[in-house]
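Please read through the structure below; I'll follow up with questions.
Chain lettering (A, B, C and D) follows the sequence in which the chains are written, and residue indices restart at 1 in each chain.
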Amino acid sequence: MTDLSTRPWQSEDDKFHEECGVFGVWNATDAAALTALGLHALQHRGQEAAGIVALDEGGIFHAHKGQGLVGDIFSDAKVMAQLRGRAAVGHNRYATTGETALRNVQPLYADFAFGGFAVAHNGNLTNALGLRRSLVGRGCLFQSTTDSEVFIHLIAISLYSTVVDRLIDALRQVQGAYSLVALHNGALIGARDPLGVRPLVLGRMGGEGGAPPSWVLSSETCALDIVGAEFVRDIDAGEIIVIDDKGVHSIKPFGKQPDRFCIFEYIYFARPDSIVEGTPVYDTRKKIGAELARESGVAADVVVPVPDSGVPAAMGYSMESGIPFELGIIRNHYVGRTFIEPTDQIRHLGVKLKHSANRPMLEGKRVILVDDSIVRGTTSRKIVEMVRQAGATEVHMRISSPPTTHSCYYGIDTPERGKLLAARHDLQEMAQIIGVDSLAFISLDGLYRALGKPGRDPKKPAYCDACFTGDYGIPLTDAQDNNDRQLSLLQAG
Amino acid sequence: MTDLSTRPWQSEDDKFHEECGVFGVWNATDAAALTALGLHALQHRGQEAAGIVALDEGGIFHAHKGQGLVGDIFSDAKVMAQLRGRAAVGHNRYATTGETALRNVQPLYADFAFGGFAVAHNGNLTNALGLRRSLVGRGCLFQSTTDSEVFIHLIAISLYSTVVDRLIDALRQVQGAYSLVALHNGALIGARDPLGVRPLVLGRMGGEGGAPPSWVLSSETCALDIVGAEFVRDIDAGEIIVIDDKGVHSIKPFGKQPDRFCIFEYIYFARPDSIVEGTPVYDTRKKIGAELARESGVAADVVVPVPDSGVPAAMGYSMESGIPFELGIIRNHYVGRTFIEPTDQIRHLGVKLKHSANRPMLEGKRVILVDDSIVRGTTSRKIVEMVRQAGATEVHMRISSPPTTHSCYYGIDTPERGKLLAARHDLQEMAQIIGVDSLAFISLDGLYRALGKPGRDPKKPAYCDACFTGDYGIPLTDAQDNNDRQLSLLQAG
Amino acid sequence: MTDLSTRPWQSEDDKFHEECGVFGVWNATDAAALTALGLHALQHRGQEAAGIVALDEGGIFHAHKGQGLVGDIFSDAKVMAQLRGRAAVGHNRYATTGETALRNVQPLYADFAFGGFAVAHNGNLTNALGLRRSLVGRGCLFQSTTDSEVFIHLIAISLYSTVVDRLIDALRQVQGAYSLVALHNGALIGARDPLGVRPLVLGRMGGEGGAPPSWVLSSETCALDIVGAEFVRDIDAGEIIVIDDKGVHSIKPFGKQPDRFCIFEYIYFARPDSIVEGTPVYDTRKKIGAELARESGVAADVVVPVPDSGVPAAMGYSMESGIPFELGIIRNHYVGRTFIEPTDQIRHLGVKLKHSANRPMLEGKRVILVDDSIVRGTTSRKIVEMVRQAGATEVHMRISSPPTTHSCYYGIDTPERGKLLAARHDLQEMAQIIGVDSLAFISLDGLYRALGKPGRDPKKPAYCDACFTGDYGIPLTDAQDNNDRQLSLLQAG
Amino acid sequence: MTDLSTRPWQSEDDKFHEECGVFGVWNATDAAALTALGLHALQHRGQEAAGIVALDEGGIFHAHKGQGLVGDIFSDAKVMAQLRGRAAVGHNRYATTGETALRNVQPLYADFAFGGFAVAHNGNLTNALGLRRSLVGRGCLFQSTTDSEVFIHLIAISLYSTVVDRLIDALRQVQGAYSLVALHNGALIGARDPLGVRPLVLGRMGGEGGAPPSWVLSSETCALDIVGAEFVRDIDAGEIIVIDDKGVHSIKPFGKQPDRFCIFEYIYFARPDSIVEGTPVYDTRKKIGAELARESGVAADVVVPVPDSGVPAAMGYSMESGIPFELGIIRNHYVGRTFIEPTDQIRHLGVKLKHSANRPMLEGKRVILVDDSIVRGTTSRKIVEMVRQAGATEVHMRISSPPTTHSCYYGIDTPERGKLLAARHDLQEMAQIIGVDSLAFISLDGLYRALGKPGRDPKKPAYCDACFTGDYGIPLTDAQDNNDRQLSLLQAG
């Protein structure tokens, strides 16, 4: 989901890589508590807000949403007691602040003529602005500023009679990337967009001795593990899964299209202990590191990851190159939600709150720094400077993704193109800006090789790699609309 | 406005008489701050929540809502700075707690195809449930559980092109009592229902030397006083007032009907320093007290008001009867929003947090207690018991309204009929239950006389007095609908 | 108690008349809940903060303190459950903000060698700064900035062995006004200073059938009423009352001195339904009003009180003069703890949040305004202006106390002398500053007459009237100390 | 510091290894902001509460304390602006909840006769209870329940005249482990106990061109790095450092004793990028891992650390043994301050919020798990179970410390002895309880070897290793006092 009012790709800081996580449970005791655990395991996909909608056995929906970490939002026993029922859906998100944000926290919920309906969305629609304009024109009133809300209005006005037919009707009208988990009074529903850009998996718990099993839908397998669910399979691209008391039903209303799963999930986004589309993430990252070592080896004394995301690639690099792996940068995990506003004096210190140099491992050494990506380049520059101040004699930066030259419109929070370092500079310039002795990115083909492919087939690329290639598999309707007028939105005071 | 999900008339405590206040400003510096002051002056009409929507000169709306007193909600300078602009509307309400409540706090706001629109509603619609069902049926999604939200959906789906025509279109479809203040990008709008049940006045500030004046709409004149506005006139029953940069325009789209202003505003609801429909409230209450003394005099030593609302009527009673007026009951105004949950031991004490007996004024005396109304009777019984424990030898209760035998469906929070003492018992029984030596209510004709009428004309009553007579001037469509099914609403966890 | 660091008499607003309330219970179920009720009834004596210390049957003390109203501080059932035990002491205060304030909220508590000890203090010590300096010099560490803390250090270092002997030892060293309620593991203790400046009463509950009764100590009788306790007697000036399981013991360690009870308690401070030193407060205020009418009658159309404190005196004035009493000024009781910071525009309106004019009662009338006192004169000036703007043709101000020409050093929060209007101006000037046609204060002798005395005996005045006369019955040691250095205190950041 | 009332070694969860961090700055712009940064870098030493006291140039002290992370406590620009001055001291701590805790948050502050004094304490006194009893006996009043408060009372009652002489007088009376940072109006003071159990280092900033430099005192060097200070030297055992405008003065008032620095700082407590007593922590941990591999090698497929603390030792183990190092356990860093209270159903799942198995790295493998210590054993047992459920065929646990058989009384929060797994069971039993195929701890001599010593000299051990040996170098006076009565302390309600 995306906030249509603030355009997240215009955010000024160097944040990158935030997305969303979705989770749903059918037919389980303490469904909301299981959902809270699942969202906790998916916390890396969005740390700003979370929500759960549960459905009790009397057909009443119960919701709780909040800002902050899942553990804090759902720690109150009274809150959990109210979220009663054997089915629930939940959502993690990144978000802005204020009342607006709370309106935007998912799952979204609506009272339809056929009853209540809750939906959680990971991804981003590329024609949401146009759809919204047309829905408002016919009298629909929007309560949030997220793209995701068009789903529920399209369902509300659909002329089909069943919930599933209305959902299919809605999905036919939207463009973009989505993995959805939805709940109504008769079923838990999962859906993935026709290209399968964002992940969604099915899990199963219990069901021994003929009792009906519990079913779980989740963005990643790591959330199946935490609730003790067994992995069943990935939801297919373009598939709709309807889970009710009779079991699991699969619907594929869209014609067959080639999948294009987001390759960035492997590089950075997914948790290392998840298995994504059949491939273990941690192992893939090590293989990318090894490939990177083969492609762009350099003489050095230590391989040092930028923690935590660069660690597996650095291990692969070290193993392949034979250069020792050392934790030359220490990450401070005790960074709260806020920190002191620095005075000029403090800013001058170039203080790094999250990383510190492990000086004895860097002093007098030739250092290979391994990181997963470069977005604006500001963080990389600070880290390189810190490593040099700690006494490194040479600093070589190796990046486990190709240069990020294009914005993502399919659900990952990237800056607009003009702010991407690799969109404005060639390799040499980037090395100079960042301050390294050498800089190398993995090649596109190398990346595909690490994923077990022979290389990238430009006619039928196996993954969505638009952020590296600009090859957008789904039309960018809103972005191409010249009349990209600001919405006349209510600002929370 | 009314909460359709919780049915306020089923609340278990003896609370009565809560309603709403509305306020709007056009063309004034610090419009939001003036609105906050106006809402403060209208605080007696609803103390649980308040909101303001301001419109800045760039056409952007800014909102802030909260629970509690106006002064606390709008005390933050940063909040007020964000509510910038020269036009604003605000609303005071009584409310329940939790996230649900915040969704319900007014003004309601919507992004229409023609732009933003904010509306604040005092009153209650009597066909809101039916309208809501039909709107949901055609695909409208409701975000709150208030009756007031039907206004904005009716406006959204109207086929008329101008805002005012859409509003008239909407008003033609609703039944009930309402005074509305609304704001869109070109005008401030006020509207009263065809019977003029709820109050609404127009005021004016400045405008000296040819500059365009500022305009104010308010539930009562006391809010004109606090901002220094001059009273211009009452909005007429069935009138729509449109205030824009060209001035004030009046529209009367409904046929002429006899007015029936709420008589209970005079008895209890309006602030004593307000002038309502041309009649000063304080003076009216004294006249009611005098009329009551004439109708049901009794030998006694002191006339004691139940503070604060019984004070003017007791003064009138005292003056007419010649029996001294004394503050025999002291009110403690320092009652916070919460208080200790009493243990059995404490409950046994029958503690009265709001009232205490002024023993030396009661001991050994024959006491006439004057109060404005009896709803369930529980409070009256406790007060009489307290007065007796303080040593009163006789207690005579005199009530400045006729017996409340029917629920209000037009915007005042009364219990359902079965809980009204006067609906279930005759005068004798009531006196016994309350524990008084004698009990008298003012007669209906006496009440009308105090208001300057010759008496009540049963064919053409000058006021809405349904709570005393059951003579409901506006159909009770929802209440008569047998299929009064509970809405399948989302419960905040 | 007084804050030694901020010097309350230097506060810049027009606040006056805040003090403290103390309450204690011995041998009662739910002692802490009863104390919360008692403090609620004493809320008029201080609204900024409150605290309770309870002693459980295992000899463990439990404390809870907070800022705000008693009802809000003690509304949490969990908090009340922790305050278990059959004995408790509590305190209401006015206070400044921040962490400093919380350290200063009473009851103060200390672990002595003989066990725990809690004390609540109403009044003000006049040699606290000197005592503090000498205690710090010998190694005592202070944790608060209140004068009251010297009591516990003096007790801690006393060479006597019993708690009561240590307390007497401490009281011999302090100067000033105090009513204390203290609790240790064997007794509840009450104490009044030798002149009996501040009030303290003893009450009793239960004890039927030979069971030991519960005992209550309270600043005023109104707090006995709320818990259902029977008034036993006032504590005498200079008396120490020790209540333990054997009963109530009286100790009078100081030589006999003439009492000088604070006359201002009658004029303003005590609640109208309290009986203070045998005299009903409400009735006294009416008598003062009548005396005032006799002393300074003037032709007028209405007598209007400045609510709420001026009401009984205005009633007395009206009755004596025959001029009708009317509520020409309405008080808004819904003023929260905070309010919008006015912009210049708003400030220019001269907005009055607490009072509004009841225009129909004032317009074209000659008005006698009755108020209890004039401190700086700023509030009076605003009220007079409001009354004139509402159309009064003449405004005559009558004050039910003599001119306040001196600061109080005995526990009432008055401005320093230089800011008292009556200390700097004669009657004529004051009338002009306030903007009235005439101004009169009751005479000193008139005030004494209203209290049943023949007049004031300058050699042996029956009351402490230092604020009107400068006749301070207790030495002002600290104030006279030229070396009135600022304490080097920790400021909360 | 230790809380004398709750006895931290009786806490029921498996928490271990929490301590405190201290930091001080002299002669620097934005001293409080630098202190906040230093405390942030020391956050691993205590995450529950923090405080800063700053001294401005007018000699006024300013304090701010709070619960939670440093970044959150000091994020408010207004708070930081109030903490003005060129000198400051700060403290991080672990703590319990409630008002009690806030009283206990350091730095402690007192107004002495000679002026203000603030002190922050890392360590634990072993005769604090006895000293407290005797101080209370002579009339001292304690405001907190920490052992650290005895310092300020001993200083307050000292008969010496200078602050430093009073401090030496106080230090002569206390027993235990301490590193202190204190601030008064003329100097910043650092002190370490005679055995130098807890760390303290001196750093320096600026001072170029003859300007007086800024000085920094800190628990660890990692906090010098964050503020850009240069490491000068460790404070010696038994040394008092006085830093004033003339420079740095060293006082060694205690006779020469052999140092016994806490060996556990190397194993777990210090941050890996700190250099402690001249030895880099990260490198030491790798050496311990290598030593462990030599002592207790075992055939296996992977070496897996228990993250994050086990990582460097596992790397050393892997390098020495040649068995591949893999991140077989993933740590979830998004654990908020609270989490859902598990229902029985959820508890049954054995959910691990902080760790998850990286299944593809464990499945079918013989796993060597490396952790830093075993305290109660409950966490180890859960982790082993998780690794087995992920498919490990063998699990061998290797611990980079000797068995923890004794409680720490010198400032580390360990359970009482009866709850230490190694105090109650031999190696075989422990292996069985934890569920591993083999279990080995590093030997005492091996640990000393990793630290560059030939082995442990039982007559003159180079470190405090009491938690492994029971060889307590400082008397445990309070613990040996049979009359270990509970303090009669005030409980916050």
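In the analysis below, a contact is a pair of C-beta atoms (placed from the backbone, for glycine too) under 8 Å apart; a residue touches a chain by one contact, two chains touch by 3 or more.
For reference, the UniProt names are A, B, C, D = Amidophosphoribosyltransferase.
Because the structure is a prediction, the values reported are computed rather than measured.
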Problem - Each chain counted as touching chain B and chain C at once - result: none
Exercise for the section: Return the distance between the CA-based centres of chain A and chain C, expressed in whole Å. Expected result: 62
Practice task
Return the distance between the CA-based centres of chain C and chain D, expressed in whole Å.
Solution key: 50
Completion exercise
Each of the following residues of chain B touches two or more other chains, namely none
Practice task
Please give all chain pairs that are in touch with each other.
Solution key: A-B, A-D, B-C, C-D
Fill in the blank from the handout: Residue set of chain A touching chain D in the complex reads 29-30, 33-34, 36-37, 40-41, 43-44, 47, 68-72, 74-75, 77, 80, 222, 225-228, 271-273, 275, 280, 282-283, 308, 311-312, 315, 324-325, 327, 330, 332-343, 345-346, 349, 351-353, 356-361
Handout entry: For the chain A and chain B complex, residues of the former touching the latter
Key = 32, 52-54, 59-65, 79, 82-83, 99, 109-113, 115-116, 136-143, 152-153, 156-158, 487-493
